[in-house]
Amino acid sequence: MSGFKVNRRDFLRVLGWGGAGTALAGCDMPSTVTLEEGKEDVVAYFMPEEYVIPGVGVWYASTCTQCAAGCGVHGRVREGRALKLEGNPESAVNRGKTCMMGQAGVQAHYNPDRLTQPLLRDGNALKPVSWEVALKKIAEKTADIKSDRVAWLSGTVSGHQAVLINDYLNAYGSKQHFTHETINANVWQAVARDMLGDAQPVLRIDKAQSILSFGADFLGTWQSPVHFAAQYAKFRSGKRGILIQAESKMSLTGGSADAWVAVRPGSEGILALGIAQTLIKRGWAKGDVPAKVKDMLAKYDVGMVSNATGVAGDRIQRIAAVLSQRAPSLVLAGAPVEGAENAYDSVAAVMLLNVLLGNIGHTIEPSVQFAETRMQARTGGTRGVVEFAKLAEAKKLDVAFISHANPVYSAPGFVKMKEALGKVGFKVVMTQFPDETAMQADVVLPLYSALEDWGTHVAAYNAGSASISFQQPLMEPLYKETRGFGDAVLALLKQRKPKEYAAFNDYYAYLKASVTNMPAAVSKDIKNKDQIWNALLQKGVLETKGNVGKFKINAAVEAVAEVQGDAQFPYRLLPSARLGLWDGRHANSPWLQEAPDQISKIVWASWVEMHPITAAKVGVKGGDYVRVTSAQGSVEAQVYVFSGIHPEAIAVPLGQGHEEYGRYAKGLGVNPNKILSPVFDKKTGEVASYATRVSVTKLDKSARLTHLGASDTQQGRKLVSTIPAAIYRRTEGEA
Amino acid sequence: MHVNEKDINEQIRWAQINADVLRSMENPRPAYWVAVAVCIAMVSCAVLAEIYQYNEGLGVTNLNNPHMWNMYIATFVFWIGMSHSGTLLSAILHIIHADWRKPIYRFAEAMTTFSLLTAGFFPLIHLGRIWNLYWVLPYVSDRGVWPNFRSPLSWDAFAISTYLSASAVFLYIGMIPDLAICRDNAKGWRKALYTTLSLGWRGDDRQWRNFRKTYMLLACFLIPLAVSVHSIVSADFAMSIMPGWHVTTFPPYFVAGALYSGCAAIITLFVILRYFFRFEEYMTTAIMEKTCKLTFAIAMVWTYLNLIEFASTWYGHNIYDKEVLIYKATGPYAWIFWTMIFCGSVAPFALAIQKWRRHMPTMFVVSLLLNLGMYFERWMIVAPTLAMSYEPHQFYMMYGSIVQWAIVFGSFGWFGLLFLIFVKVFPSVSMYEVKEMVFHRRRHLDHDTAVNLGRRARDTGKPATESH
Amino acid sequence: MSFKNILENWSAFRKDAEAGGHHKYDHRWGMAINLDVCTGCNACSTACYAENNLPVVGKERFEKGQAMHWMRIERFWDDADKQYPERGASYLPMMCQQCGAATCEPVCPVAATYHTPDGLNAQVYNRCIGSRYCSNNCPFRVRYFNFYSYYETWAEPLNQQLNPDISVRDKGVMEKCTFCVQRIRTANDKAKMENRSIADGEVQTACAQACPTGAIVFGDTMDPNSAVSKLWAKHEVKRGDYLSKKPKQHPEKRGYRIFEELNVDPSVMYLERVREEI
Amino acid sequence: MFYKHVCKLVLPPVLMFVSMLLMSGAPARAELAAPPGVTPPVGTYAGADVAQPIEFPHDIHVNVNKINCMYCHTYARRSKVAGIPPTSKCMGCHKMIATDKPRIQKLTEYFEKRESPKWKKVHDVPDFVHFSHERHVKKFVFDADLPVENVEQVCGLCHGEIKAMTVAKKNKPLTMGFCQRCHEANGGPGDCWKCHK
């Protein structure tokens, strides 16, 4: 794959179906009936590249945009159609592997419910218009707007897309770029920044000999799952590390744990402090902490912690022993901890464990600083969307741009995003799909899919290298009236600053100029601009020069407040994340809807997960419908009875409950975000999404839960056989 | 009460026999047309269901991953089993000279042919791509591909088609002398039909000699065929490795079950024909008693083979087999299992009670119970093994959808329809064999009476010394 | 094309059948799946949907048990009696095991399923008449039947994603995991075009390629230097007759094949899950 | 619908029988010489005339201009499909040659619109048949050391004498039996999964 030409559109063109005997009709036709000649069309390429051969797949390197992890992918293209995505072995993030969402990237592209034309609000309806009309309308509305009355709300953006958004807002003098991700690691980053001086420390699961994970679903939904999964495979080989997962609802990672510890929801931080206290008391601590912290820890003796967390005392001591004996260890905190009302303190307590165990510098390494700060990923959490909604609610916004996000669906219900958006004078939504937010917009700009667009990406979690991942089109756009995100923003920028951007015909030109002029891109292998561009096109990733940072440890950790109960709402609601539907953005992919949840094995539905004890209390069995009520509202779904959840918690998974979003997503299940209570972590301002208290009432309705698998046990068969690690060490392990 | 009555009234005149049987073929009463209408309605249900299934795909039957087979195959085995009674009565009993079979074998044989015709539909209906059915047959093809001769399903294709053609020929050959009688007494289209079908039967010595030989030869041919057919049907299950299917005793078990359900069906039809056609003279209580005794014996054989199957599973210590057996008896299908045990092994004791078996309505109900049990048996063979075999992840239970029910229901209508047509077009009691039977029974009468009766019989145009 | 053909082939076929099938294998594709690193994440299953034109059946049909996942991740709980599942879940990626002595093969009336010279258990869609006997006789229950015309369910333009290298199956046809035969054939053709034999790692199934933890290793078990052969050898799992096979020298080695006692000679070796006592 | 289903059920066996009869008695037609050492597949087929957007004269290109099949159908040795030449390739010659002919003017029109003509497929096999041109070309041309000029003999095995036609017409049955007999005679693979998958 060398010698790319600039104009790819000609040979990316889709051939006629007959191009190479595409199997479309199935094999129903009785084979003896001879096929009639002259019924199918054969269309030749107009002017093909030398390496493009009909009937032979060509692989192009690009970047997966299904989540913010930024995995590199190779896309297989035949006869101008993108058929399959595989991992790009050159990418430091995923090393040739993909997750299920990455595999479903082609379905985001070929989704039958994509927007095909710009839409303009006309009264209550959105009418299709041309891009010129839509852009003209935007130009009118933004003509003389004050800097503080315009805002941009987006999901995670990075690379030149982030640069363009930034430049566009700068054109108004505005700084109001809000980012929103329901599934995020914001608190972890905040704690890391404060305690280590590095917001994105590199985690070395592969180097760890033992891991204690407080709800960090690093194999499923936390930060960079595919990257961590490869590290996990190494972690499990050789000496075979021990994974202890402490959480109140079993996550995908919990399913692979050697020991899964059920923790009272919200008390993870206390458990961390209890282990810390044990380490200090037993003299197992390797790192040093301030005396003030030691004093604070004193009250977290085993008895107290056991009471508060529901974890047996000897278990706590045993965990402490394992972590100190099997060094280096690694302690992580994931969504349930980051979503508690004591989130910051809890995560800090977890980080304190890493300090005490001497993991800093061993399994937690300083990150490589990416030189082009403007291109770095703007990740977000839930604070951004709340702030945005507040501005909107207060009628402080005249124009809002929304991209890469669906806040009307994913913002917590108490934010009342729909109403808030109603108070914004003019809303421009850039999206691929007719989602809930698009339905509220004044102008909807339909975007290319990830497989049609150009772009650069910088992974939010940079996996130990400062690399740019490149996104290039795999095929001709399916719909003529769609445009790339970069093209759209460039068009907007040209409205504001026609002179500065006159040189760039389209985003492609902008991108090529920007990337090749990046000083950081020139390294020892790459000497000039052409090489930069070719490397990007061929390999899909570009390593840039970056400096390895240094940690500044600050272990001043405060006590973790105990979570309060509530008689009216006896349970804590866990809006658990699912690898697959993610935060709901993939609910329109039929493959991902049909792929069972990894733990419950339920498909095409939402469910309420509860412990058998809870189920007995409520008086329900699996399949019964219940109403989950919080102070903010209620949702109804079927019960899934499962012992991998703490009896004081119930879980309703994220991802379903779409009111719009196409045929595969609409009307299925419920969205737990809509009943979250307005509880915040005081130190970071993030919504404490795991802190909502709910009550559960039985409804007079029952049905079978649609799920995969008839038996939960192996019924005496040797299907999955389990052996003790001692045997493994004797036969395969390295000492 | 001990009854020692005769199987048939030896004093009956041969003209009377002809008259009685020919009367049964004439003038259908309204009840007959109602029955025909009901049967056609049932068949229509099945046809509609099949059209729907053909267009939509087999998914509408509720079949799913473990349950690839269900009621269609159970019903197929049921109808195949049903066919065995005719062969038993006409061929086996013919060879062993049990002459009480003579008044009732004709309809039993018709039953054989029609139940085979019904059974034959089910492998077709259940195929995913019915239009490629002929691939099962070994024909010389341009493509050079052959069916898989190792598969019991391709054996089925041979076995069933052979059995169907053989039993149809047997039925027809056995009817030729009677068709000649019909020809001599018929008018209009019937005359033409019987003239053609009776192949110029005149009843001369040469014809009778050849007829006897052919009939005996076919009987001998049919018996091993019948046994092998059901053994092959049992091989559909026994040749697999599935627990509950992979059973060595399946061939005799299936054959016994087949004879059992066939005999039960004979009792049912016996009662119906006796009542509607007033065949009390021929289908006598004594014959009923003999049929019942035979059925009872077969029921006990079946019960024994059942026990053997359970016992061998039990001491075989194959965990999978055992699980399936326990599942059958205690799982969600237990009600079917116990109904089957009741109907198959307990209900036949009613046949052992002389007072009951002489009571036709009772026997009618009992025979229906027996067949219900036998249908459930077939279903219990097919479904529970599929619901629970090796892979626990796929332990689903399933009941057929309304489409399956409609087609199974319709199959009874189809069988009924064929049978209804048969009884009005062909003599459902064999006239010449009844005469033979009567003639034999008269031997112990005094010479004069016999000669007298014989002479009278000759008046009807049929020689009294036909075959002796 | 004649009776001569059937007679000639019949005797050869009969001999092969008596001796347990093919003996002149070119390759014998096999797998090793390390259950200790399988996280049950479903990447393999979705990759399989993407590669093999698998239809999405929808909620109702899924509920009926008519789903078409060639590669399914089974999930079991081993300590269902405890208050919490403290040792996590047991995940089992289950697909066609490409048995060496496949029970599905002898029962197909039209020989639509048979053994290929490269050790695969083939399913020829256009020969299948849909008797479904093969599925009934599969101890793993990994054969899926097209109960409906699923090709009608690919809404435009989703159908443009369909892989042209394999057929789209219509109703009435059985299908199952093929070890991505289209990839094997393409790689094989490529190797032949270059007058060489296929190299280890040159061909990967979609599931093995996607697997984030690399739990699935695919390759030729006849090539002693392939990664998969080495794994099989390391764990003392051998192909062939179960009864005559010598027991493992080290019975503690993790390799095993599911339902090996049925003597079906599966081509997939699983490595036991490991759990530490805490 | 009913008609369609009757066709499905009844036609295949009937057609098969008829075709067997026909094939057994079909006289061998004067054919292209087969390459040495190759037993050509047996069977003929009377294909329909197919109206193409441009009536492409194979005869002129092959007979008069002596252009090799694989010059235009260049993918045959590199891919499963032989491929239709890209419009740019046609224009490579026809920018200069025969520009006054109406067919060429039509082609030029297409080229100027930057479009490719929608050719009608003539040689088609069912979608469940995965035929590979490259393997056949490799076996019969490159492995057999056949001079590349004679490649038409190999193509002709399945496509017949295309050089005698303007627009291509199907003149071999391309049925499974046709393929199968040739595979048997020339030692091709007998594995179903080579072609059907």
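Of note:
Labels A, B, C and D are assigned to the chains in the order they are written; within every chain, residues are numbered from 1.
Everything below uses one rule, namely that a residue touches a chain if its C-beta (ideal position, glycine included) is under 8 Å from a C-beta of that chain, and two chains touch if they have at least 3 such contacts.
Here the structure is a predicted model, which is why all the values come from computation and not from measurement.
The most centrally placed chain, judged by C-alpha centroids, is C. When the interfaces A-B and C-D are ranked by how many C-beta pairs touch across them, C-D comes first. With each centre defined as the average position of its C-alpha atoms, the distance from chain A to chain B rounds to 66 Å. A separation of 36 Å divides the Cα centre of chain C from that of chain D. A separation of 44 Å divides the Cα centre of chain B from that of chain C. Taking the mean of the C-alpha atoms as each chain's centre, chain B and chain D sit 57 Å apart.
Annotation for chain C: residues 1, 67, 72, 74, 76, 92, 125-127, 149, 165-168, 171-173, 259 touch two or more other chains. Residue positions of chain D touching 2 or more other chains, listed in rising order: 8, 12, 16, 19, 126-128, 130, 175-177, 180-181, 184. In chain A, the residues that reach two or more other chains under the touch definition are 20-28, 30-31, 709, 711, 713-714, 717, 719.
Contact topology of the protein chains: fully connected, every pair of chains touching. Considering their complex, residues 10, 16, 18-27, 29-48, 53-56 of chain A touch chain D. Every residue of chain C that touches chain B in the complex is listed here, in rising order: 1-3, 5-6, 17, 61, 64-67, 72, 74, 76, 92, 94, 103, 106-111, 127-133, 135-137, 139-141, 143-149, 171-174, 259, 262, 264. Those residues of chain B that touch chain D in the complex are listed here as 54-55, 130-132, 134, 140-144. Contacts from chain B toward chain C in the complex involve residues 56-59, 62-69, 123, 126-130, 132-133, 135-136, 138, 140, 142, 144-148, 150-154, 156-157, 236, 239-242, 386, 389-391, 393-394, 396, 398. Taken in their complex, chain D has these residues touching chain C: 126-128, 130, 132, 134-135, 138, 177, 180-181, 184, 191-194, 196-197.
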